[in-house]
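What follows is subunit A paired twice: with subunit B in the first complex and subunit C in the second.
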Partner chain A sequence: MADERLKSLTSMLARHGILVAFILFMIGFTIANQRFLGLDNVLGVIRSSAILGVMALGVTFVVVSGNLDLSVGSMMSFSTIVVLDLHDKLGPSMAIPAMFAMTMALGAFIGFLVGYLKLNSLIVTLGMLSAIHGLTLTYSGGKNMDIVDKSGTWFSVFGQGAIFGIPVPVLMFGLLAVVLTVILAKTPFGRKVYAVGGNGTAATFSGIPRARVVFMTYIISSFCVATAGLIQASRSLGSQNTVGQGLELDVLAAVILGGASLLGGSGTVFKTVIGVLILGFIQNGLLLVGLQFYVQYVVTWVIIILAVWLDIAAKRGRLWSPIA
Partner chain B sequence: MNTTVRTLIAGSTALAGIAFASVAMAETYKIGITQNNVGVDSYQTTYEKAFIAAAEANADVEAVVLDAGGDVARQIAQVQDLIQQEVDAIIIWPTNGEAVIPAVREAHKAGIPVIVTNSNIAEPGFEFVKSFSGPDNITQGSRSAEIMCEKFTEMGIQDEAKVVQISGQPGYTTAIERQKGFDDRLPEVCPNVTIVETQPGDWNREKSQTVMEAFLVKYDDIDGVYAGDDNMGVGALNAAKAAGREGIIFVGATNFAVGYEAMEAGEYWGSIYQSPVDDAEAALKTALDVLNGVDVPFLNYFDTPKITQDNMSEFTKPVF
Partner chain C sequence: MIAQKPALRLEGIVKTFPGVRALDGVSFEVMPGEVHALLGENGAGKSTLMKVLGGIYQPDDGTIFIDEAPVTMGSPLDAKAKGVVFIHQELSLADELSVAENIYLGELPTKSFGRVDWDSLHSNSAAILKRLNCKFTPQTIVGDLSIANKQMVEIARALTVDAKAVIFDEPTASLTDAEKVVLFDIISDLSRQGVGIVYISHRMDEIFTISTKISVLRDGEYRGSLATAETNEDEVTQLMIGRSLDLGQKVEHAQTGKVAIEVRNLSCGSLYHDVSFKVRSGEVVGFYGLVGAGRTEIAETLFGLRNPTDGTIHLDGEEVRIHSPVDAIRHGISLVPEDRKGQGLVLGMNCRDNMTLPQVADLTAGPFVSDGAEIAIFDQYRDKLAIKTPSWRQRVGNLSGGNQQKIVIGKWLSMAPKVLIVDEPTRGIDVGSKSEIHNLIRDLAKQGYAVIVISSEMPEVLRVSDRVVAMFHGEIIREFTSEEVTEDNLVQAISGIRSDKVA
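After this line comes the complex of A and B, so read on.
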């Protein structure tokens, strides 16, 4: 009886090693600074993580299908700059759909190259990383983009608003996470994404339209990026051209930290959310502990490696590799 | 027949052109500039425009304008290109104060005078440089400290105020110098004010906002925020506004349009007025002075005055 219970506990741990790691870090940081788990701080961290998080949700689809998306950082800069610029030219209610259309057109272009032309996603999106950055700079002429009338626009609701005390970015992140979980885990399309990522050739022979599935993952990814750009723009109502620079690596780190395989075929939206939260809370926790900044880079790396190790150790049921 | 004549004419015109060019060389200076990262922010974008405009306005100057895109390796290659092109002088806006020294030494060895603009290279490279033209970032840091101290004194909290600092990108000379100027000057003018913590905001508004949010959670009592530039200062201001924390004195540096607007709105106390147009024109003038044999100080600073809500009407709103 007790044995069985222990067994189910171990198998639970095996499935959710990353969750255990997350809880351990939370306990550690809380001991270091009591305010870490304060409601204000927790909501604050989730709100700042929401931008990264929303992007990571979309990239999870791309990674599960066996591809990469390194363009999300500069694509987010693009959507932020575009929506801020159009806000004053067309008004917010026109600017938002226009920005989504432009961003998703970029996603469609990438999806076409990777899906239908079957080009290597690393090369395509690495190229798009700088190409989109150039596009953004050309669009803005290199200038910072700012909404002129900062206090008189309802546009600020997406980044600064709150409903029942919960910040709107957190709600958007949560809602999107639920919807995308259902799509990836419960729909035929979701299963096709896993199939394409697990074994593309087998998927093709099973009649799964590989190209279309890959194309759709990039559409989802760019939709998420546009949402992130909307939150970003609304949060500060002004932006530099480089606002999303470097985020692509944090996004990938969060997705991989959540346990998705870079080779495709595995990963879940929920685990990506945990990965995002781990990254967000590490950054915030280190600030609250007050470590000197240069040390923080190193400590962040150590914590990520510990988390990945715990995850893998839980999966195989022992700390050391049996075949090392 | 016809074509032969044409070729002859074209050939002799080209020859005449070369001859003319070599005569003109004596008066026209070819000045190459390699910039840090145009487009990364409005300051650098405005700087480039002002530099090109100043060069075009001067008939004696032919400018070769390059941009390293923030990449040290590309900047080194650009310096080497300029050496190959045998320009008369090289102006460099270092992407990294240490890493560009070998390239600067190469130019020096080739007999081409090098002028550093905006942010200086590290000290071991000084012997290869004719002059540094730019803002005095240590003075800027100390002036920000003075602005903050004066305001605290006016408010009567000069004996208990607590300050947090958001610095620029780690490893960037401007960031290090402004922080040093502030850290050194504040205890001199306001000995009882404490700097409780310093963390970098990487010249990034969003990053700075996140850092400030953590500060607000960590410290119940924050009276002043010093940010390495207004972009970060406004990020910190946004965080304080979102958290409903009022009465904090914000002081920045490099007055941006957003900072100027926040000052107009009475939310942001002061900054340091630094014009990219002055910066670019000073760099070109320094290069020309060096070429014309005019005596130029090694550290050729242009003035960057204090700007606060009290005197802001004397300044025009920054264009960046």
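After this line comes the complex of A and C, so read on.
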């Protein structure tokens, strides 16, 4: 009897392990600091997670298809610098589409290398991480990029505006999350992404054009990066060449925290959103609890490892098992 | 004979998975030196029972005894240490490692400071391979071996310890007849040494050749045991599926129509050479030959997975070029591939999604995949093929081996192809379903499909084919009509004895 109950509990945990971990964190932090769950704080966290979140949505497609994208951080710097530069040269309404086109061209290039030439995605995107950084520096001449007339542009709406009291970055994150959830979960393309990541050979034997599917995941990822760059540029209206540096690891952490397997074939956009929020709330919670900034780096990673371990432990129903 | 203690005994084993009662109080014992065949339909619980014994699953209830002393099997290594060795239905080798490393995986011999003792590793492995009559060296990388040879490595693993009991879970599914003979020798050898053998297979001929006792499982329950010498196939089938079957009988042949697919002088490097044949709609053509005769490679060429170096393919009289599976599917060609785990299925996906994968782009309502259309297809083929699963949501990886194979078959039947190619369609499928699938193939032919059946099982080829093409070393040796073909001339043809065509 008690055994039965334990069994249904573990199977519940197995399906929602990461959600349970999330709720536990939230309860813990709320006990430690009442302000934690206040509306202000919650909106603040989501808002500051939006850039990371938007990027993680796109990377989810790449990871589900069985690949990696480590170039998103430096690609985001590129987008930010380009759109700020073009803002003054072409005006915002031309600058934005131009920046999206340039960023997605980079995504297409990566997609070509990984999808059609079948090069290892870790190596390709690690290389692109520094190559794009070089490209950004060449473009900007190494200088910071600033919009001249900061108060006279509607461009600031993407980063600083709000509709019905909800910050625009949060709205964009939410909207993109919904659209991408639908694409991954409900369309034939989404199904193909899972198949390619789950077993590429079987996908080929099922008449799925593997190269094209992989190519498309990088297009989606670069679209998300461009969106993140837009928010970043619009929020500060000026930027260094290195704004996105290091973000690729946080993005990957959020995706994995959401339960996507690095081997491909599993993960959902919704779970990635949860992963992003966990990461955001942990960092915020630690700050509210009063931990010093640099201790956070360590604690964050300890918590991530714990969460991921609990998740797989719950999946197999015991803490350790000889077979995975 | 004096009364012996069983080498191995299982009592009241219960194992459940979400939605499935895989084993419901099963008791089973193996005497020393006995070759005990375990039979049952796909999903009856055979593999699960052996996995409990091999320490892979922990039973919910019940006890395992070795030499009448109760034991628990904590892990596969633990079971091996206690003398129970398991040769799996699905291969479980590390493709990147050498044969020797695979044989001694987890227990590599070491020298001081934990360094691997390569010399004794290689000499020990070589000795085992020699015993198995294997032609490859211990240094060969496993990934480079054929499926049959991989199976031999898996068997070699079992011979590294002093086993009390060795479990073979469908070991011959991908072995040639010659390799089978070697395997049977080994089994007799082990049995003479007093090792208890559990032998799972769906092939009655093998079971009657090798076993001394037969036990039957059905729906997770023990149904009874028979002494092999005192029973016959019919009685066993009765016990297994509750009715008898006549698998020897030839199925009825259909009217044939126009030529649906024609291959002219097709060659592909050293894989096959100057191959020509026609298949009419309404006709089933069997391709029979040894593993490695080039049959699978021809199928892969027709399905756009290989480019021919020479020759042409014609569909309905028109020459076509097939560069990819996408092209092949568009032309109405389906291929049920030979390796279900590697090529046929996405194991992490559910049953329904696997089955509808090739046509998912067409099963839409607006831009979205239509749940209803997918479930309708799944339900139809689940019933047609008697697929055993608690629901379409089950991960395919959790199905029994035979039910996985049925999902692959359903996947390609549901495409309603013009030309259906099936490569070893009934590998791992129980006798009842096997005859169902044979009937289904005949039904498809009757409806006007052109079907190519590649099989290494002679009775299967003889039973379903209107014509049989015999291949040897990448060449078509001879074509037989169903009237002229016999076991004897087929055996002769594929071993290359008909010397007029073999240089």
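Methods note: the second predicted complex is superposed on the first by the 304 of 324 C-alpha atoms of A that agree within 3 Å, B and C clash if a C-alpha of one lies under 4 Å from a C-alpha of the other, contacts with A are read in each partner's own complex, and residues count from 1 in each chain.
We adopt the following convention: a residue touches a chain if its C-beta (ideal position, glycine included) is under 8 Å from a C-beta of that chain, and two chains touch if they have at least 3 such contacts.
Everything numeric here is computed off the predicted structure, so don't read it as measured data.
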In the superposition on subunit A, see if there is space for subunit B and subunit C together, and answer fit or clash.
fit
Touching partner for A:44 - first (subunit B), second (subunit C), both, neither:
first
Residues of subunit A touched by subunit B versus by subunit C: which partner has the larger set?
B
After the two structures are overlaid on chain A, angle v-u-w for subunit B, subunit A, subunit C in degrees (C-alpha centres, nearest 10)
130
Who does A:188 touch here: subunit B (first), subunit C (second), both, or neither?
second
Contacts for A:287 in the overlay, against subunit B (first) and subunit C (second): which applies, first, second, both or neither?
first
First (subunit B), second (subunit C), both or neither touched by A:33:
first
Quick check on the superposed model: minimum Cα to Cα separation from subunit B to subunit C, whole Å please.
33
Footprint intersection on subunit A (subunit B / subunit C) at none
In the complex with subunit A, residue positions of subunit B that touch it
38-42, 44-45, 170, 197, 199-200, 204-206, 209-211, 213-215, 217-218, 231, 234-235, 238, 242-243, 256-258, 320
Please name which positions on subunit C make contact with subunit A in the complex.
18, 55-56, 74-77, 303, 305, 324-326, 328-329, 335, 337, 342-349, 353, 357-358, 360-361, 363-364, 367-369, 411
Show which residues of subunit A lie in contact with subunit B when the two form their complex.
33, 35, 38, 40-41, 44, 48, 137, 141-144, 146, 160, 232, 235-236, 238-243, 283-284, 287-288, 290, 293-294
Sites on subunit A touched by subunit C in the complex:
11, 182, 186-188, 191-192, 194-195, 198-199, 201-209, 265-266, 322-323
